[in-house]
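Think of it as A, B and C in the order they're written, each chain with its own count starting at 1.
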Amino acid sequence: MAAAMPVRQQPGVTGGRRAWRRGLASLLDFWRRFRKNRLAVVGGAVVLLVIAMGVLAPWIAPHDPTQADFFRRFRPPVWMEGGSWEHPLGTDQLGRDILSRIIWGARASLTVGAIVILIATTVGVSMGLISGYYGGRVDAFIQRVVDVLLSFPYLVLAIGLMAVMGPGFSNMVLALVYKEWVTPCRVVRGEVLAAKRQEYVEAARAVGAGDAHIMWREILPNVLSSVIVVATLRVAWVILMEASLSFLGLGVQPPTPAWGSMVAAGREYIFQAWWLGTFPGLAILVTVLGINLLGEGLRDALDPRLGE
Amino acid sequence: MLQPVLDVRDLATYFFTERGVVRAVDGVSFRLYPGETLGVVGESGCGKSMTALSIMGLVPRPGRIVAGEIRLMGEDLVGKPDRELRRLRGSRMAMIFQDPLTTLNPVLRVGQQVTESIRIHYGDGTWSGGSRRWSWLADPLGLRRRRIAWERAVEMLDKVGIPAPSERMRAYPHEMSGGMRQRIMIAIALSCSPALLLADEPTTALDVTIQAQILDLMRRLQEEMGTSILLITHDFGVVSELCDRVMVMYAGKVVETGPLDAILNTPRHPYTQGLLASIPRLGDRSYRLKPIEGTVPELHALPPGCSYCTRCPVADEYCAAVAPQLKEISPHHHVACHKVAAAPAMAGEGVPS
Amino acid sequence: MSAAYIINRFLQLIPVVFGVTLVVFALMYLTPGDPVEVIFAGESGATAEDLERYRRELGLDQPFHIQYLRFVIGLLQGDLGISLVQRQPVRDLLLSRLPATIELTAVAVLVSLIIAIPVGVVSAVQRYSTLDKLGTAGALLGVSMPDFWLGLVLMLLFGIHWGVLPISGRIPWGMEPQHITGLYLVDSVLTGDWPAFRAAVRHLILPAVTLGTSMAALTMRVTRSSMLEVVHQDYMTFARAKGLSGTQVVVRHGLRNALIPTVTVVSLNIGVLLGGNMIVETVFAWPGLGRLVVDSIYNRDYTVVQAAVLVYAVTYVTMNFLADLVYTLLNPKVRL
C-alpha cells in the first residue's frame, strides 16, 4: 500500500533527481553498447568532422568563399588537365573556390539542422507531454493540428510557406519547424501514454506531486533517450530539406555558400563543368549518411531488439 | 518382428554458435512401432524439441544433424535433399506445435491452411487418398484437386470435433478459441493420414479442461487412424494419459527409457525420480514437493562425465569423470546411471492421476 | 471489410480536409503584397481606381471568413481561381500538367516497389548474405542521398559523359503521340506510335530512377525488417512441416504478413515522393505539376502555388486513405 509507506521513500519526492540519474545511467549503458557498433562510430566521426569543418571554416578554408574572380572561372579539380593545387576541387561559374565554399557550406546546413531540431524538439516535446499527460480536449485539439500538418507532404508545405514568406535563412527555419515539431510530439505523446500507466508515476501522484513535477522529473527523464535518437535522425532529414530548398533557390541566399544552391549551379552549368555540383552533393550525402549511421547506432544501443 | 515406423539411431544435432558448439541432441536412439505412443520427457532445453525438428529435417540454423540415422518406415532421412524430405513432411510425418495461436497463420483463412497440405501432397503418391502420377492430365487446372482437398478438409474438421465445419473453413484463426485452434492444427497434421505424428507440447498452452478434451481427441484419432505418436511434454500427467512408453531426456541425452508403468512406478535414474518428486499431488498436503535443485547446465559447457552430476544427490567423482551408458536393468527398461544399484528405487509414488 | 468501416474512415477525412483548405487559404491570405499589384505589375495604364475596382471584383475587400467561404464554395464547384500571371483558370493549368506528373510518379513507384520488395524479402531470408549486405548498404545510401544530386550525377554520366539518354523534357518536340489520356506511354501504345513510345521511355528512365530511389530504399528497409520478424514465427515452421518448399513458405505465408507494416510505412512516405516530385521535375525540366509550382513561385503566381499545394495535400490524404484500406484488406484482425 503506497499510503502506508513512509513518505520519504516515495519516488515522487526524492525520485525526481533519482529519475534523472536513472536516465543518465541508462545513457551510460547506451554509450557502452554504442561503442561496439563500428558503423555508428564511423558515422559519429563523420559528424564530428563536418562540425569541425563548419566551426573552423574561417581558418581552414584556403580562400574566401565569396571572392569572385572572372579570370579563374570553371577551373577543373587538381587531378584534371588545367587544375592546380590552388583550387583542389576547382572553381565555379564566378571563379570562386569550390573547396572553400563546401567548407563554409557546412555552416549553413549544420546551423539550419541544429536550430530547426532544437526549436522543433523543444516545441514538440512540450506539446507531446501536454497532449499525452492531460489527454481530453487539449489532446484532441493538438492531435487535430498534427493531423492537418501531416496531410501536407513535407517539402510541399515548406515550399508553400517559403513562397509566401519569401526566401531567407530565418524564414526557412520557420518553414521547417512548422512541420518538424510533429515528429517529437508524436513520439513523446506515445511514450507518455505508456509511462502514465507505470508505477513510478502512480506513486508520485499518490504522494501529491504536481503535474509539472511529474512531467518534468518523472516522465521526461524516461523518454529522454528516444527523444535523442529521434532528434539525431531528424537532423539528417532537415539537412536534406534545407539542401532541397536551397537547391530550388528558396533557402540560403547567395552569396552565402550552401551545398544545395551549389548543386543548383552545377545543374545550370551542367555542360560546362561537372565538378560544380558533384562535390557539394557528395558533401550532403556524406553528412546525411554519417548522421543516419550515428542515429541508427544510437537507436540500436537504446533498444537492442529494434536493430535485430 | 514388426518394422518400426521410426527408427532413430545415435542421432546428434549440434548448433555451431559463436560461443561454441551446443550439443542439443547428443547420441539419441529409439524406435517407435505402429500405433504406439512414445513420450519424451524433460525440462525445457533438454533437446526434446530439437529431436522432433531433426526428424522433420527442420533444424534451424546454425544447427545441423552431424551424425546418426533417422529411418522413417525403413527410409533414412538424414542427408536427404530437401526436395525429397518435402514429399514426406505433412504426408508421412506431421508435426503439431505448442501454441496454436502463433502456429496458425493469422492472415489466412482456416480453410486455406487446412487444404494446403492436402493440395500439395495430392497425387504425389505419399497420401493414400491421392491419385497417381499422371492425374494432372485429367485435371489441368487443379479444380478437382481443389475440390477433393476442400472436401477432405471439411471431413477432417468434422473429425476433430469442430461444429459446422463448412462454415468454419472461412473463419480466421483469431476468430476461434484456443481449443478450436489446437483442433484445427491436429486436423491439418492428420489430413494426409501420416504414419508418424510428432506432437511438441500439444496441450501446454491450453486450459486444463481443454487439455483433457484434446488428449481425448488425440487418443481417439490414433485408434482410428493407427498413427504412431512421438509426444513431447514436460507433464507426466499427459504422459500417463497417452503414452505406452516413456523416454526421459537430459542435456541432449536419453537418461532413462522404459514402459510407462516402469518409469512412473519404479524410476531408476535420479533425474526421473527428481522429476516425479516435483509433481504436486492433488489432495495430499502431507506430501512434500521436492524440486530439483539448480538448472539445466549450459549445453556448450557440459562436464565430461554424466551431465546430471552437477545436480544429482548421489553423484560422486566417478560420475563427473565418466559418462554412463544406457543399460537394460529389466526387460525394456534402460537407465544411464552409474548409481543404479546404489540409488533406491522410488516405489509406490506412482501415477499422478 | 465492411462498407460501414470505409464510410467511417472516409468521414474522418472531412475535418482533416477542412483543416487543409484553411491552412492553404491562410497561406494565400497572409501573403505579403497585393495579388492585384502582381496582376497589374506589367501594365502602366492602370489607375488607383482600376486597382480598387478589381480588388472589389475579386472580393479582396471582404473580411477573412467571407473570403474563405467564397474560396471553399469555389473549390466545391471545381473553381481553383485564376492564374495571376497567365490569366487563365488555375484548374486548366493544373490539369494540363497532371498527366506528366502522374506518368512519372507511377512509373517511379511501380519500378521501385518491383525492385525493393523482392530485395527486402531475400535480404531478410538470407540474412548476412552478400545480397543482404549489398541491399542494406544500398538502401542506407538511398535514403541519405539528396535526389537533386542523384539526378545531376545521372545526367552527367548517362546524358553527357556517355550520351546514351536524354536529360530533359518528356519527349522531343513534335514527337508527341496523339492526345488521348495525356500519358505518353499509354497514348503511344494505343495509337501504335512506337517511335513516340521509345522516345517517351528513354526520357522517363533517368527522372523515374531519381524519383524512385528514395522510395525503393525505404521500402526495402521496411520490407526487410518486417520480414525478419516474420521468418522466425511458428507458422513459418509449421508451413514447412506441411511440406511446403522454402520459397512457397516465404511467398504464401511470409509475404502476406510482412507486407502489413510495409504498407503503412510506405504510405506515410508517399509524402516524400510528392515533395521529391517537385525537385526531380525541376532537375529534369519535366513539364509536370511540380515544375509548375516552382515556376509559379519564381513568377509570384500565388493562386497557382496555392492550388497546387492543395492538390498535393489532397492527393497525399487520399493515398493514405487508400493505404489504410489496403492495410485492412491485408490484416483480417482489424476487419470489422
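What we mean here is this: a contact is a pair of C-beta atoms (placed from the backbone, for glycine too) under 8 Å apart; a residue touches a chain by one contact, two chains touch by 3 or more.
Because the structure is a prediction, the values reported are computed rather than measured.
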Among line, ring, star, complete and other, which one matches the pattern of chain touches?
line
Comparing B-C with A-C, the one with more C-beta contacts is A-C
Rounded to a whole Å, what is the gap between the Cα centroids of chain A and chain B?
54
Determine the centre-to-centre distance between chain B and chain C, using the mean Cα coordinates as centres, and give it in whole Å.
54
Starting from the mean Cα coordinates of chain A and chain C, work out the distance between those two points in Å.
25
Mark out which residues of chain B touch at least two other chains, giving numbers and ranges.
none
Could you pull out which chain C residues touch chain B in their complex?
233-235, 237-246, 252-253, 256-257, 260, 330-333
Tell me, which parts of chain A touch chain C in their complex?
144-145, 147-148, 151-157, 159-166, 236, 240, 243-244, 247-250, 260, 263-264, 266-267, 270-271, 274, 277-278, 280-282, 284-285, 288-289, 292-293, 308
Inside the complex, what are the residues of chain C that reach chain A?
15-17, 19-20, 22-24, 27-28, 30-32, 140-141, 143-149, 152-153, 155-156, 160-161, 167, 228, 270-276, 278-279, 282-283, 293-294, 296-298, 302, 305-306, 309, 312-313, 316-317
Can you list the residues on chain B that touch chain C in the complex?
53, 56, 58, 82-83, 86-91, 94-95, 97, 99, 102-108, 116-117, 120-121, 172, 174, 185, 188
